[in-house]
Structure formats: C-alpha cells, structure tokens
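You will see chain A twice below: alongside chain B first, and alongside chain C after that.
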Partner chain A sequence: MTTVTAAVGRGAAKATRRRGGIAPPWYFAAPALIVYALVMLYPAIAGAGSAFTDWSGVGDQRSFVGLENFKQLFSDDQAIGALRNTLFLTVAIVVVQNGIGLLLALGVHTTIKSRMALRVVFFAPVVVSPVMVSFLWKYVYNPAPDAGLNAALNAIGLGSLRQDWLGNPSLAIWSVAFTVIWQCAGYSMVIFLAGLEGVPQELHESAMVDGAGTVARFRHITWPLLAPAVTINVMLSTVGGLTLFTQIIAMTNGGPGYATDTLSTVLYKQAFVYGKFGYSTAVALVLAIFVAAVSFIQIGYLRSRETTA
Partner chain B sequence: MALDQSVSRRRLLQLMGGAAAVGTLAACGGNSGSSSSSGGQLKVIGVGDQEAGLRKALDEYKKAHSDFDFNLSFAPADQVQTALRTQLAGGNAPDIHVVYPGNGSAMSMAQLSKANLLTDLSDQSWTQKIPTGFKGAFQNDGKTYIFSPGSSMLGAIYNKKAFATAGVEPPTTWSELLAVCEKLKAKGIVPIALGAQTPWITQLIPYALVPGTVYAKTPDFDDKMIAGQASFADSGWVDAMDKYLELQKKGFFNANPNGTTYEQATSLVGTGKAGMAVQVSAVLPAFRKASPSPDDLGMFPFPATDVAADNWIPGGVVVGIAISAKSKKADQARKFFEYCGQPDTLSAWAEAVACVPLYSDGEPKVDPVLKPFLPYLKDNKAVPFMDQRWPNAEVQPTHFAVVQELLGGKTTVQDALKKMDEAYRKTA
Partner chain C sequence: MRTGYRPRTFVRELVMIVVAIAFLFPVYALVTLAFKDSTQVANKPLSLPDPPSVSNFGEAWQSASLGSALLNSTVITVSSVVILIVLGSLAAYFLARTASRLSYSLYILFLVGIILPFQLGMIPLYQLVNDLGLLGTYQGMILFYSGIQLPFTVFLYTGFIRSLPADYTNAALIDGASHLQAFGYVIFPLLRPITGTVLILNAVFIWNDFFTPLLYLGGSGHETVPVRVFAFVNEYTSNYGLVAAGLVLAALPILLVFLILQRYVIRGFSSGLKG
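Moving on, here comes the complex of A and B:
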C-alpha cells in the first residue's frame, strides 16, 4: 500500500515537473522507436504483401492472386469456426478473468494478516511461462481415471464427474479457457489492486458516516474510481484473448478436430503445416485489423466511462 | 521505491547504457560462439524417429574421415516442421535436414524440390538401386532428392506377455482380431492403445486398414484419385473408417483416446497394460524403451478383412534426409550421402530404426519382429503410406482432424471423408 501511494505521489510530482517545462526531448525515444520500426513495423508491412500472393512460405515461386486469399477466408469453415472459438475464449477470459481478478483484489485489499503472502500466491502463475503452465495443466487434465484432476475427483468421492478434459470436443475449449484464466487472474488482480490503493480512504469514511453499507460503498465509490483499472484490464485481456496461441498449441494443437482452433492457430497451421503462407498472411492481416478495431472501440467507450466517473 | 529515490536520471541513463553494452557484448559472444561451432561442421537436423540410425551413420563416417565433423540435433516432427520451414524460407537451412518421402506434407520431398530447395542426388550410385515401386517416394521429375534407409512396416506392435495372459495369438483376419480384442478386454487388458491426442497417431489405424479395404481391390486407387475418377467418400475408406469406429464402440481402445498422447499409449503397451498399438516399425525403439524387456514385444500385420488374400499391408519409405540446395558444404554432404547408400551402412541404419533396407545384396537383414511382413513384400502386397501420394499438404492434417472428430462423435464417416475429398481437390 505504501509503495503504491508513493508511486501515485511520484507520478503527480513528475507531471508537475513536466508542466514546468522539463519534459524529456523526443529523441530520447529514438533508439526504442528505431528498434521497434526495424523489428516490428518493417517485417509486418513487408510481410503484408504476401497476403495477396500464393507463396508457399519457401522458395521464390509466388504469383499475385489479388483478393483471392481474402475471399477464401470468408468462406473457409475452419477459419469461421476458429473465429467463433476466438470470440468465445475472448468473452470468457475478459469476463471471468477480470471478475476473479477483481474479487481477488478486493480480498487482498483488506487488513487480513496474510494479505501480502496471498498477493504473491495469486500472482505467482503470471510469472511462469505459458508453455510451462500449459504442460502442467495438460498433466492435470490427464484423462486416465487414476491421474491428475480425475484422480482428485475420485479421491473426494466425485468420481462420476471425471472427464476427458482435453479430448472431449465439447469440453476442451472450456478446459483451455480455465487454464488461461487460472494463470492470468493474478495479473488482473494486481492492476485492480493498484486502482484500489488509489481510492481515497476519506471517501469511504465519510460514506460510512452517512450510513452506506459495503455494497453501496463499492457501487458508488470504489467501482467508479476503478474505471481506469477496468479500462486497462479489459483492453489487455481482450487483446490477449483475440490473439491466444501458446496455450492452445501446447495443450490441444487446436484439436480435437478443430474444436479449439483460434485465428492465431489457424494462421500458424496454414503457414507451417499446410504450406500456404500467402493465405496465412491474409488471416494475420484480418486478425490484426480486427484486434485494432475492437481495441479502438473499447478504448473509446471505456475512456468516456472514466470521464463520467 | 528505494531505487527511485536514490537513482538520478543521469545515473539511470548510465545504467541503461551499461545494460545495452552488456547486451551487445553478449550478442557478440553468441555470434562468435555459433560461428566457431559451425566452422567446418556440417549442420544436421533430424526428427527423433531417425536418431538411432542417422547418429550411427554420422559417427561411423566421422571415424573414417578425420576432416569431417558435424553438428547434429533432433526435435519432434511438429517442431522440426515449423523451425525448418522458417530456416528454409530465410535461406539459412542446415546443410543436411530431414525430409519426408513422396508428397503430401509441407516438408515432403516433392513440395521442397518443387521450390528448388533440395540438391539433386541423381548421380549417386545408390540411386540406381531404388526399387521401381519406391521411385515416387524418392524422385520428382525423374531426379532423386532424398536418401532414406528403406521402408517401415505398419502393423500392430503387441505385448507378448499380455497376449499370453489372455491366451491369444496374433490374428490373421478381422474377425480373429475382434475375438482377440474381446479376450484381452475380458482379462482387464486394454486391447488397443490409441494416443489420438498426438495428431499423427490418428492416421495409423486407417492406414493399416485401407490396403485391405481399398488397394487390394483397386490397386490403382491413387491414380484414379489423381485423375478425379475416385473419391475417399465413395471407396473402401468408408469401410476402414467404419471399422475404426467399430473398435471404439466395442470398447477396444483405452478410455478417452482423444485425450491420450502417443507417449502414454506407448507406455501402456510397453508395460503390458494394453495388448497392442497400431504403429510403424520405426518407433519400435521407443516401445522397447518403455518395456521391461525388448523381447516382450512383437509385430504382426493388422488384418483388415476376413479374406486372408485381401489383407495387404502398408509399407512406406521411412523419413529420410536431403541436402539443402543452398548448402555451402554440399560436396562434403554428398560424400556422406554416398557413404549412407552403401549396403553395409544402409543395412546398419535400417536395422537401427527397425525397417527393411532399401536394397540388399541377398536376403535382407531385418529386425526379427518384421519377419511376418516379408512375405507381403515378396508378393507385392505392400502399399506406400497413403499421404505419400496425396497432392498437397492439406489432406493429411485434415485426416488427423476428422479422425479426432469421429472419435469425439462430432462428425459422420461420410462427412469426414467428404472433408478429405475437399482438401484433396485443392491445388498443391
């Protein structure tokens, strides 16, 4: 709490200094901008041209096919199914991850003695590589009756709930979503926690004097003032959900069948498994535009909410 | 907080500059390290299945040639496909790398040679000895681009102890197979281990069945497919897929095959918890590792029909190696390939990966478990792995996906095969 308060204080001081004319010169950003341009922008723009060709990804043979790849994309069952999965995962992650993250933040933003330890515990999965987390959960989801989650269910007398967590096409996407949420809820918690630390205690105190209960104080004080944290969390989890790749490839490879394919796994498979780099780039381009559009709309709405709050 | 209070902006910049310098130095170190390690060394990348044979051949060749050195690495097939295609696209492929025979995969000989990424090996002496029936796996437009030690048999790898416990012998017809499975199941042994979560495993049972249900009746099925006169959905593939599902419906697979991996299935057979798994002989070394004794395991041709004469077998050229067209050490690599093609080297490599040598002077020296397959080869009742003649890289992954959907009850045999037909008709 002390740290964050101090950080808020420092931020305010910095802003004052900037208003006083000590803003750093723009060219301080030049090294980072150059690296970003070379490593991100140039390859992205140069690669976008491939979306209008039939390049296989290897060799020099390629011909211009115009908008053929895009036409194919909008009539491709696999891509449409992947879009559906992507949207499902995104909504699930945005709603549940942020909901749990908020509850965790409210839980550890109290005076209980173990709050610091709990913060570390809840944040711990975030610092583990997503590939490691995926392999760990793949082990937990082992379909054998005497292994992982199924064994645990057996042990507590809930053997009838045993499942083929990743092998059942109807269940696999939920299992993947749960893994992502398990790993990232701590991240949302930290951002909400930073927001909670910024809510002035005096407002709560005066509301209490006025007879406001816990729910009323959360609704009328905490929630409106958490708007910036909500904006950041919703933005980050939306972009993360729309571009979800690592956990899918490591846990299900998009299967069983196409049940957990997302736009990101489809574009990967088109490029590296099917040898259709041009088509894959078209998928990537559409995904990038889609993510950018969703982000702009979201940020516009959430920012306006911050102003009214 | 303490950092912010004590570190001035100037100090922070100094720290950043230091960090950048360290980063640069580290990068330099990395570069020099890698260049020195590749100096004079042939860079070789293979898949795990070929390790036993390829490593042996390279070691032996190095012993005999003091000026030869190599840098060898292996990875699972899926990862190799991604990493190698990126290197091939970037023009920095290893000198020698894994390539799949025939066509049908993004890393196949036909697809890569079409993109001018492989060195022509036609002037090597061993290429003259490639059996006519296998030429399609090695050659594109009459030129040879891949070396492979021989052909792998696809059948059932079985645990002899598990079979003895159930009092059963390897079956020779489909009905006998069902009876064997029933007896194994009655003894609490999983009849057939299936790790269908690993994509390439999904194809093995159809591959074991279609030689009997398709090719024994229509040996020129592939030619008819290419000519557009046949389709998966209107062929013996329907029978093969129905039989696949029959095995599942009768409870002859382990529970939840879609959630089980290749490694888990291998362990089930190795430890005798399962009676058999349909597999290629090239993975026998992995099964033997999973078993208390290598002698516990045997192989038999997986019967597809009740007519013994119709039970053909799948026998495909195993994964091989090729020389990158851009290799600066192509001359050295070509000499090594010439060495690999000699009868002794070929035989030793083939034995190490449990396959039948590409050619042999006299009776081929093979792993004893492959003996039940040899009469089929002699009688020309072996069919190359189906994907090796599929025209593009999309049919095989479609096959993987539709089998998972079938096992998950999400599609029908007709719809699954129609999807494969659609993928087949797409341009290469």
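Moving on, here comes the complex of A and C:
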C-alpha cells in the first residue's frame, strides 16, 4: 500500500477505501458465483453449444451438424405453430392481464369499504401453484353441458354459449390464456396499486379545480405517472407469456392437435418424449434469443417513455 | 376521488363486489364439488352440497400422499430460501461496496441470469445433476433453486445495500470486528426489509414450481406438492369430487400463510421489482 500516495484518480480513491476497511473481501461473492456458474452459466453455454449437434441425450455421442436443427425448426409445422401460439399467448396475456389489473387497481384504490378484502381476493390466486389453478380451470372448462362454466351459463340463461372450451382447436388457446390472466391479474393489480399510491393527491385536486373530468385526469395525471408500473408489469407478463409451460401441460398438453403447443412445451417434448436433445436445445436457444431481444427492446422503449412522461 | 363515502362510491362498491363474486366462481365450483359424493356431482354440479360429505378429503389426502408431499415441499423450500438469503446477501454486499471493474462485471454477469430462460440450460443441467447422483434427492432440487433464483436475489440485495450508508460497518471494522462479523452483526440486520421481500418471492416461487421437480423428482418418493397433485389428478381424472378435494387440500397451506401474512406478501410482490 506504499503506492497509494502516488496513485491518482479512481485508483487512489479505491485504495484508500480498501485501506479504510470498507470494501469487503472477494470471498464474500465466491460461493454465490460458484453456484451460479454451476447451475446457470455452464448449462446455458453447454445448451447453446449442443443446439448445433445431433445429440440424442444418451451417452456423449454427438456430432456437429451446423445449422441443421434451426433449418428443421423453421420447416417443422409443430415448431412454427408453437412459435405462433407463443407470440399470440404473450400478446393476449400482456394486453388483457394488465388491462384487467389496471381496472382492478383503479377499482380498489378508492374509499370503498371492501377495498382491503377485495385486494386479498384478487391477489390470492397469485400464490397458488399454476398446476392447481390449471386443474381448477380444467374442471371449469368441462365439455359436459351440465358442469362447470357450461352449467353456469345455462343457469343464467346463456345456454346457447356453451362450448367445448379446451377441445375446440380455435378456442382452446383463449381458454388457456384466460386461465393465466385469471391467476395473474391480481399481480398486475398490486404493482399498479403501488404506482397509484405514488400519485400526489394535490395534482388531482388542482386539476379538478380547473374543471378536468375523471377521464382527463386519468389520461394526463394518473397514466403518465404509472409509467414505471407499466414497465414492470409489461416486462413480467411478457417473460411469463414467452416461457408459458405449466398451464399448457396441465390443461391441454399442447392439444387438440398442436393447437396450444408453445416453444416450451415443444422443447420439452422433443427432449423427453422423442429424445432429440440437440434439436430441443435449438428450440431453447431460439426462445432465449427471443426473451433477451424482447426484454432489451422493452427496457429501451418503456424506460424512455418513463422519462419523457 | 378519495373524499368521503358518496352514492357514487356505493355504486362503485357494488360493482367491485359483483366482479369479485364472478372472479370467485371457479373457487366456489371447486370447493362445493369437494364436499359432494358422486351422485351429487352428477346431478347437482353447481348447487351447494346437500348433505355435505367430507369423505373425499380423507381419501384424497391418502391417495395423493399429501402429508409427505408437504414435508418434501417444506424441506426443499426452507433450505433453498436460507441458502439464497445467505449467498445472495453476502455476494450483493461485495458487489455493492466494491468500486472496481471486476465487481461491476460480476454484477452484470448476475443480471444476465435474470433474463436467461432456464430452458436453455435445462438439459445439460439435468445431465449434470444426474452425473452428481442428485436426481430424485432434496439436495438436487435445493442446488437447482439456489442457482436459478440467485440472480434475482443478488439484484434485490445489491440495490438495497447501495442505498444504505457505509458508516455503520466502518465503525465496526475500526473497533476490530472481522468482515464477516461486521456483516453478520451490523449489515445483515439492517437488510431486514429486503430480506423479507427476498424470502416471500423466492418461497412462493419454489413452493409452486412444477417443471423441474417433475423432471428431477418424478417417481422418487421426494415429490413436492405440485408434482404429487399432477400425478394424482391425472390418475383420478373422472372422479371430480375426489380431485377437487385434493386440489383444495393442496392449495390450503399456502393460502393460509398468505391470509396470515397478506400485508407482507402483497408488499413483497408489489415492491420487490422496483429497479
């Protein structure tokens, strides 16, 4: 430490701080880094590598096949369908879940007496396992005309709307999306609520004095100030939508046909049903690139929205 | 707005309660189903059980081996969360208090893990856990969660520690405490709010996770609650009353914990992600 006096700038400040005993030693980070490298970094790198091989998952025999797996992916009807379903589910979930979450937040962020109880009700599904929520809705979507949702529709005089909710290929994906939305809308709600609590009441009061109506006040005061909550909600629901797996496996297993397969269910089936591990990791790599790209674009766009708002 | 209880507020209250009732319809359908015998299930699917029968619950508890599943879930969740809190807070303390290029790069490296979908490493990791002889064991699952949830844990702790003044530790270190002592006695207690958030978010995630426990624990006898429920429902698909009772029993523990700690849980979920 004799060089400290001679050093300048950042280095000097650092050395002084070290000497002052502030900076903790490197071994504080070592255990976390080892576990992280073992469980996430090494497997991710190995996975990205085997996406270019014909690995079957049994033993270590694998040969390099270049972009073969990716060519196959983009000519495979099941994979392309899964890609389309994944994007559809993601958009539907992001828009509807956050829309409902915002309405619920606005509804309970008032003087109504039941507001605390309502928060608990709407949030409760968030803490329950998606497997159980999926099975609950699988019963609600029972195709029998006298059970679940169909029975309820009949009871309120809407019997003509009864459907085979999960068996109809064009309806099944909406039914799955709605299950996710029902479970997660409360999550969006509490994040919006945290945002609403940060909106100064004085802004609303002075706007009211100026004659601004409810809609105008929402558009010009509440909505711009909710921008950080929108960022968090959109990012969370996007990643959730892109990696959707459990609800599909529990409710439809990708069916009817391939109507509700997603990238996650396809890569799972390719690996553990068909033993095509190389191809499966290629699908996983495409999914990873998707998630990363969408996250970066969203961070950039939504953050700029926050600062200009 | 938030000024007194007016007729308009009353209308709003009614609307919200109607929404809540519609929202709870699936839960009503499930709970009433669980109290019905098979003839009631067939004849009166939506009415209240008359008379209510509790026999489904005992049978579901037995058939799904929910007792041991709850034990497995508890062991895995508690161990993983403890490891995450210890490793995550220590690493974050280093990352937040060291102003070097190395610590900044390490921080970014951890952040990458937040957006990296675990599916990418799923198969190599499965192989690794298999090679280590940890498939079907508690340790395999605990190792998995300790790694997969670390980036997020480190991110939360680092942000929080950066907002703390450094003076406390300085004083402790000058008084002759070691770095670990200063951390354990001075810093860690100051992290309580964020430790609460880390605990809640990780515990809920791990308790409910399904995909990896299905892969690692299927058929081992160490299955967690979601994996047991999955197998149970698939086995008794058409016995609706029994399936419903199993789902009610399996969801009950975490719902009870949520009801008791609702304020903390909701705060944890709504505040934990401000970054």
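FYI, the second predicted complex is superposed on the first by the 275 of 309 C-alpha atoms of A that agree within 3 Å, B and C clash if a C-alpha of one lies under 4 Å from a C-alpha of the other, contacts with A are read in each partner's own complex, and residues count from 1 in each chain.
By our rule, a contact is a pair of C-beta atoms (placed from the backbone, for glycine too) under 8 Å apart; a residue touches a chain by one contact, two chains touch by 3 or more.
Keep in mind it's a predicted model, so treat the numbers as computed, not measured.
Novice: Could you tell me if A:128 is touching chain B, chain C, both of them or neither one (first, second, both, neither)?
Specialist: In the superposition, A:128 contacts chain C only.
Novice: State whether A:211 touches chain B only (first), chain C only (second), both chains, or neither.
Specialist: Neither partner.
Novice: Please indicate which partner A:66 is in contact with in the superposed arrangement: first for chain B, second for chain C, both, or neither.
Specialist: In the superposition, A:66 touches no partner, neither chain B nor chain C.
Novice: Of chain B and chain C, which one touches more residues of chain A?
Specialist: C
Novice: Tell me which partner A:43 touches in the superposition: chain B (first), chain C (second), both or neither.
Specialist: After superposing on A, A:43 lies in contact with chain C but is clear of chain B.
Novice: Quick one: classify A:157 as touching chain B (first), chain C (second), both or neither.
Specialist: Neither chain B nor chain C is touched by A:157.
Novice: Thinking of the overlay built on chain A, is A:165 touched by chain B (first), by chain C (second), by both, or by neither?
Specialist: A:165 contacts chain B only, not chain C.
Novice: Output check: A:146 vs chain B and chain C. Expected answer is one of first, second, both, neither. What do you get?
Specialist: A:146: touches chain C, not chain B.
Novice: A:272 in the overlay: touching chain B, chain C, both, or neither? Say first, second, both or neither.
Specialist: both
Novice: Where on chain A do chain B and chain C both make contact?
Specialist: Residues 10, 57, 268, 271-272, 277, which sit in both footprints.
Novice: In their shared complex, at which residues does chain A touch chain C?
Specialist: 10, 13-14, 17, 20-26, 28-29, 31-33, 35-36, 38-48, 50, 57, 104, 107-108, 110-114, 118-124, 126-132, 135-137, 139-140, 146-148, 151-152, 155, 182, 187, 190-191, 193-194, 201, 204-205, 208, 228, 232, 236, 239, 242-243, 245-246, 250, 264, 267-268, 271-272, 277, 280-281, 284-285, 287-288, 291-292, 295
Novice: Spell out the residues on chain A that touch chain B in their complex, using ranges where they run on.
Specialist: 2-3, 6-7, 10, 56-61, 141-145, 164-169, 252-259, 268-269, 271-277
Novice: Spell out the residues on chain C that touch chain A in their complex, using ranges where they run on.
Specialist: 1-5, 9, 12-13, 15-17, 19-20, 23-27, 29-30, 33, 45-46, 87-88, 90-91, 93-95, 97-100, 103, 106, 109-110, 113, 115-125, 127-128, 143-144, 146-148, 150-151, 154, 166, 169-170, 173-174, 179, 183, 204, 207-208, 210-211, 215, 225-226, 229-230, 233, 240, 243-244, 247, 250-251, 254-255, 258-259, 262, 265-266, 269-271, 273-274
Novice: Any idea which chain B residues touch chain A in the complex?
Specialist: Residues 1, 4, 78, 81-82, 85-86, 88-89, 106, 111-112, 114-117, 196-197, 199, 255-260, 264, 392-394, 397, 400-402, 404-405, 407-411.
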